[in-house]
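Note that the chains are named A, B, C and D in the order they appear, and that numbering of residues resets to 1 at the start of each chain.
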Amino acid sequence: MEILRVEGVNKSFGGLRALNDVNFSVEEGTVQAIIGPNGAGKSTFLNCLIGRLVPDTGSVMFGDISLTGMKPYEINQIGISRVFQTPEIFGDLTLMENIMIPALAKRDGEFKLHAFADVGKDTEVRDKALHMLEDVGLVEKKDMVADSLSRGDKRRLELAMCLSQDPKLLLLDEPTAGMSRADTNNTIDLLKRIGDRGITKVVIEHDMHVVFSLADKVTVLAQGAIIAEGKPEDIKGDPRVQEAYLGGAHL
Amino acid sequence: MFGLNKKDTSLFFLVLLLVVLAPFLLNPFPEGSELAQFNAGYPDLMQRFLIFGIFAIGFNILFGLTGYLSFGHAAFLGVGSYAGVWMMKLLTMNVIPAIFMSVVFAGLFSLLVGYISLRRSGIYFSILTLAFAQMSFSLAYSVLTPITNGETGLQLALDDPRILGVSSENGAIPAANFFGIPMRESFELSMGGWLFTFNAGYYLCAVVMMIAFYVAIRIFRSPFGMMLRAVKSNQQRMNFTGLNSRPYTLAAFVISGMYAGLAGGLMVAMDPLAGAERMQWTASGEVVLMTILGGAGTLIGPVLGAGFIKYCENIFSKINDNILYDWFAALPQGLADFLVFVIHPFIGKGWHLTLGIMFMLIVIFLPGGIMEGVERIGRLFKRKSSKDENSTARPKAAPAE
Amino acid sequence: MDAILLQILNGLDKGSAYALIALGLTLIFGTLGVVNFAHGALFMIGAFCAVTLSRLLSLSFVTIDETQKDFLGNPLKVETPYVEAWFGPETGAAIIDWSVPLAILFSIPIMALVGLLMERGLIKYFYKRPHADQILVTFGLAIVLQEIIKYFFGANPIPTPAPDVFAGSLDFGAMLGMDPNIIIYPYWRIVYFLFAAVIIGAVFAFLQFTTFGMVVRAGMADRSTVGLLGINIDKRFTVMFALAAVVAGLAGVMYAPINSPNYHMGMDFLVLSFVVVVVGGMGSLPGAVLAGFLLGILESFASMAQVVALLPGINQIIIYLVAIVILLTRPRGLMGRKGVMES
Amino acid sequence: MSLIRKPLNRRSILRAGALGGSALAMPTIFTSRAWSAGYLNEPTGATVTLGFNVPQTGPYADEGADELRAYQLAVEHLNGEGDGGMLNTFSSKALKGNGILGKKVEYVTGDTQTKSDAARASAKSMIEKDGAIMITGGSSSGVAVAVQALCQEAGVIFMAGLTHSNDTTGKDKKANGFRHFFNSYMSGAALAPVLKNAYGDDRKAYHLTADYNWGYTTEQAVRESTESLGWETVETVKTPLAATDFSAYITPVLQSDADVLVLNHYGGNMVNSLTNAVQFGLRDKQVNGKNFEIIVPLYSRLMAKGAGENVKGIFGSTNWHWSLQDEGSKAFVQSFGQKYGFPPSQAAHTTYVQALLYADACERAGTFNPCGVVEALEGFEFDGLGNGKTLYRAEDHQCFKDVLVVKGKENPSSAFDLLEIVEVTPAAQVTYPPDHPQFAGGALGTCNPGA
């Protein structure tokens, strides 16, 4: 079943055409990778999905809900979470708080004046947060301030924040960029484990190692347009892709 | 206790103790000694400490938690004051309806201002709030004179209706009271050279302030409070996490506006006059300074900041050269002259200078405000008692403490 | 019609003061990222440079005139300024008369020094601190500066007249063939407007056409990148701070004859100039100038009796009202860039 | 109805320092009832404390400083130090130079900041903390009215400083409050005949009025008295208190066919509006075949100093001026000038006189009890304090005395010699019935001794 369907999306900035008639769909429960050279429009594309940017034309359907005109928090509330290229976390809050906030958002909705509840006694949310931190291996740092984490840990924290919401669709923007090989492998393992929970994922990635170890399907974006789509092994051999993306070099 | 964790409970009781015993603590010097000049234990100033403490606690809920720097909160205090005096003019001299209406009107006004101003953030938000407050001040001072009595300030008159009370008692305006207990009523305790004053109004303020403080603690520890800190930390992430930051900030704005109104209501309950100057931008600036000086985002810091500024204003401004000569009476004339000459610029009419220098010193050396100073001293103390204990859980003071 | 013309002239004049202060304020903000609440105090110090110079020039020696009595019945002490003794009464009087224009020269080194001391001594430690801390420390500094001035000069305004040749007014109406005395405008205010235009032009030219200015503009756009180029941007920023102080100071010197300087004139202008800067758009120099003139002219129009009769109190709130409308319709002010001061 | 304070004075304990032994070690509890017989802050020691509440910061700080100088001088004279000043010329001889009722006069000072709130806070601290029995001072009507109301509630006497609005002894009058300074009505009444002589009875006046209470009453007073001469009021425009540049208000004057501009401004407002008006060449103008003139209803020397050359030839009124040649004024100028090196301002004069009048009333009443003092002051007639024969009217606690019409001096001989007296308008001419419409509303109420 299709969980996400993008049809005829165009987006221009001034004279620059960032997205050119993009048609794209994701099957529920699969991992779809988007690859492409720098400036191909990958991040713009994700921004159109989460309401940060509004497409000039075209439609984005999540299940049978149209995302057009929805606010970012509304889009999140219906089940789409995103991990950013540079980690977007609550830098001066503790790790626990970082996870509890999305967990609360999931449970209580976009706004609730729970001004007299005690956050420390909300065992449901706390347990969930602890569990998530365990999952990403940060539980012993739970009372540290998020800004004091290493870059890799910050990414894992952000991932845990998104996962705590049990999203239907998880968007990952270069989840391993700037990580060491070991960290990258850890992250791949982690992402694979999430796969077991049946969360659909769209991953933007440069690292082919990551792409090929995770993705069920790969979409190649170049100059704002989709130039190829298919299984990882097919894409690997596609000469158009190699031309556009890899500058002719062989993988 | 009361749904507070152990640490907060002890903080709450510590503050309670300080407030209850303030008439003793603020009068440490025997009556008649030269240092009695520094005593602050008289009703008006003690009431002011608490009232501005409430104002600052409320402001801190907005600024300390969400980081939205409002430069117009004095307007809510002013609106609250006017509403309070009008209640006393029209209804009764019992302070409860006055305080209640102060909170309601300030809440409504802050809802309006907040709804518009929160469409912008950062300095644009600050300027919007400043603009609203300055407009309120200018209008209250001039064209709204029929409602506000302009420059003089709204005050009670002998011919006010007071439909639930009396217009006048023996040719005098009846006193503001709490179900019959006049706010001005005091009783005095003289012990040795010391004199302590216990004032009914002060203890009413104390009760209100402890409630306000308790509510603030609950807010700080609530999911709502956490969301507000999330606004300050990363509003972007908040939005992509499914949270609508606007109602959160608006709620915080209105709550802090109501705190300001509460302070305004208490002010007129203690002293039934509402002057337009309390809406001026300098008054808004004052509460900003109180909060930052004390330590923005800390529970008790803003109260300390409020106390600090009000102390400077009321104590330093009253020292004059004569008093200085009294202090130095024991010294040789030449030395006394010299000391008076040196200190003269900083006292009496120079109290602004002292305040300005204090601001600078605190911001330069204690970026976290007075609370950071307290913490540093505390840490020094701790290190001495247990050297090997190192708690690196939180490298920087977490904002909620 | 003539009334409107006159109010435009008034607006331009008021606008030039706003624009000059806002220009310096936004220069400091744009380059250093510092919200300087002491900027009004710099304007005030400038005005007091004029006062000081006129006092220095009229330093006098005392002779006792036995024929006249003072208020206590003692022989009157007659004060004669040294300059009059040195250069003869006429030249001496002329020098004193010209003290405000002379103060321009006098104030430049003083203001540059004040700016330099402020930046090196205090502000530079606050580049990385939150804006709230910057506001607090500069506000404290403003209070201290103004109290120092008050200590030496008192709280009353001090009359600081322009040279006699600028007394009186230019009759525009007569020049345009209208009846005399319909549209007249004081010479000194015309001088003030022209002076402001020259200063604003000079600052823009400096930033536009010198390499120094180019680097600073680049720094305003993206500080870290310029730093990466190996250019010592900090030193240039210090110079910019001094420059902003000089601009504010000159605005103050020339303003002294229009309104007698007093110690709190800086605070009076501070809030308004902040509104001007924000309405113009934080960090935008043309925005600051544009907003300065816009608000000056609107304020003048709102003061017209006909307008006030229609909307009582409008003259008190017009600036704030305009600020609110502009900020709600143009989120970053008239010419603001995205992302400045929004977090 | 009580603002209780123990009837012990701080200073008195200090002087009796040795008392701190076992006698005082026992806690004593005073309750409100225990002291209901007396009155608030009753001085029982060897001294009595007065509260001098003047602007020490803000735009009127210089005026406040001058008031404070005058108070210090008054305290000296009351305590028998110095040359005695006006005590020697005062028609009442109750004061003997041994303090008040034999108690040495001490004082505390505070800062009103020219804000109602701050002034009340400061006054309250004097009453509650320092045990002041009387509060005096201030340099604006808003503050005077606010502090007067506080003193009424608390139960101490308020002797107003410089306050010129009709309201202080009009709709906001209080039994415990007294004003020596003149008021807007008196300015108008005194100025009108002089203006008629100087400028004729066919004039068109344009008013610029500071947009707050004092401005309103002054505008009304000047309007009514000039209109009764036959002058026409062309336009009245309110200017914001915060205004510094008045050009936008001055230029429309050029457009109107007014030939007189009345500046109902005080302090910095007046300095700036007058300076602006002169800059715009209003005084060089000819309208309707007459010279354009400017009038400043309330003058003060300190303001004249701020406006510099621009005051030359401009009419206004003032409560008192140091160049007066009566014995009282001469004595005051002499002792003030000796002590401080320059002549006193009218603010200094009125506050000095108020301090003396209060002390004298206590002596005559034989008590510090506010109700006794009120009784002694009401209807009190005196002379020798610089304004000729003066009456403290019982109905509204306003002093009625001669009012000075002054003009900016063309050739000042010194930095203080800025105004010249044109006419001393006799008291009878500025007296009005207590129910005059400009003073309508309000009631004195009854005196409050505070206990």
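One rule holds for everything that comes next: a residue touches a chain if its C-beta (ideal position, glycine included) is under 8 Å from a C-beta of that chain, and two chains touch if they have at least 3 such contacts.
Fair warning: this is a prediction, and the values are worked out from it, not measured in the lab.
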Task: Chain whose Cα mean lies nearest the overall Cα mean - done: B
Task: By count of C-beta pairs in contact, the leading pair of chains - done: B-D
Open item on the list: Taking each chain's centre as the mean of its C-alpha atoms, which one ends up farthest from the centre of chain C?
Closed with: A
Task: Centre distance in Å when chain A and chain C are each reduced to the mean of their C-alpha atoms - done: 53
TODO: Mind checking the centre-to-centre distance between chain B and chain C? Centres are C-alpha means, answer in whole Å.
DONE: 35
TODO: Could you tell me the distance, in whole angstrom, between the mean C-alpha positions of chain A and chain B?
DONE: 46
TODO: Could you tell me which residues belong to chain D and also touch two or more other chains?
DONE: 61, 65, 211, 238, 240, 242
Open item on the list: Touching at least two other chains at once: which residues of chain A meet that condition?
Closed with: none
Open item on the list: Counting only residues that touch at least two other chains, what does the list for chain B look like?
Closed with: 138, 141-143, 352
Task: Every chain pair in contact, whichever chains are involved - done: A-B, B-C, B-D, C-D
Open item on the list: List the residues on chain D that touch chain B in their complex, please.
Closed with: 1-6, 8, 10-14, 17, 20, 24-25, 27-32, 56-57, 61, 64-65, 107-111, 115-118, 120-122, 124-126, 128-129, 140-142, 145-146, 149-150, 152-154, 167, 172, 175, 211-214, 216, 238, 240-242, 442-443, 445-446, 448
Task: Complex contact set, residues of chain B against chain C - done: 63, 69, 116, 119-124, 127-128, 130-132, 134-135, 138-139, 141-144, 235, 281, 285, 288-289, 292-293, 296, 345, 350, 352-353, 355-360, 363-364, 367
- [ ] Write out the stretch or stretches of chain B touching chain D in their complex.
- [x] 30-34, 36, 39, 42-45, 48, 138, 141-143, 145, 149-153, 155-159, 168-173, 175, 182, 184-193, 195, 197, 271-273, 275, 277-278, 313-314, 317-318, 320, 322, 348-349, 351-352
Task: chain B residues touching chain A - in the complex, by the definition given at the top - done: 3, 5, 218-219, 221-227, 229-230, 232-234, 236-244, 247-248, 251, 255, 393-396, 398-399
Task: Partner chain C, residues of chain D touching it in the complex - done: 58-62, 65, 211, 235, 237-240, 242, 244-245, 247-249, 251-252, 254-255, 268, 271-272, 275-276, 279-281, 284-286, 302-303, 305-310, 322-323, 333-334, 337-338, 343, 413-414, 416-417
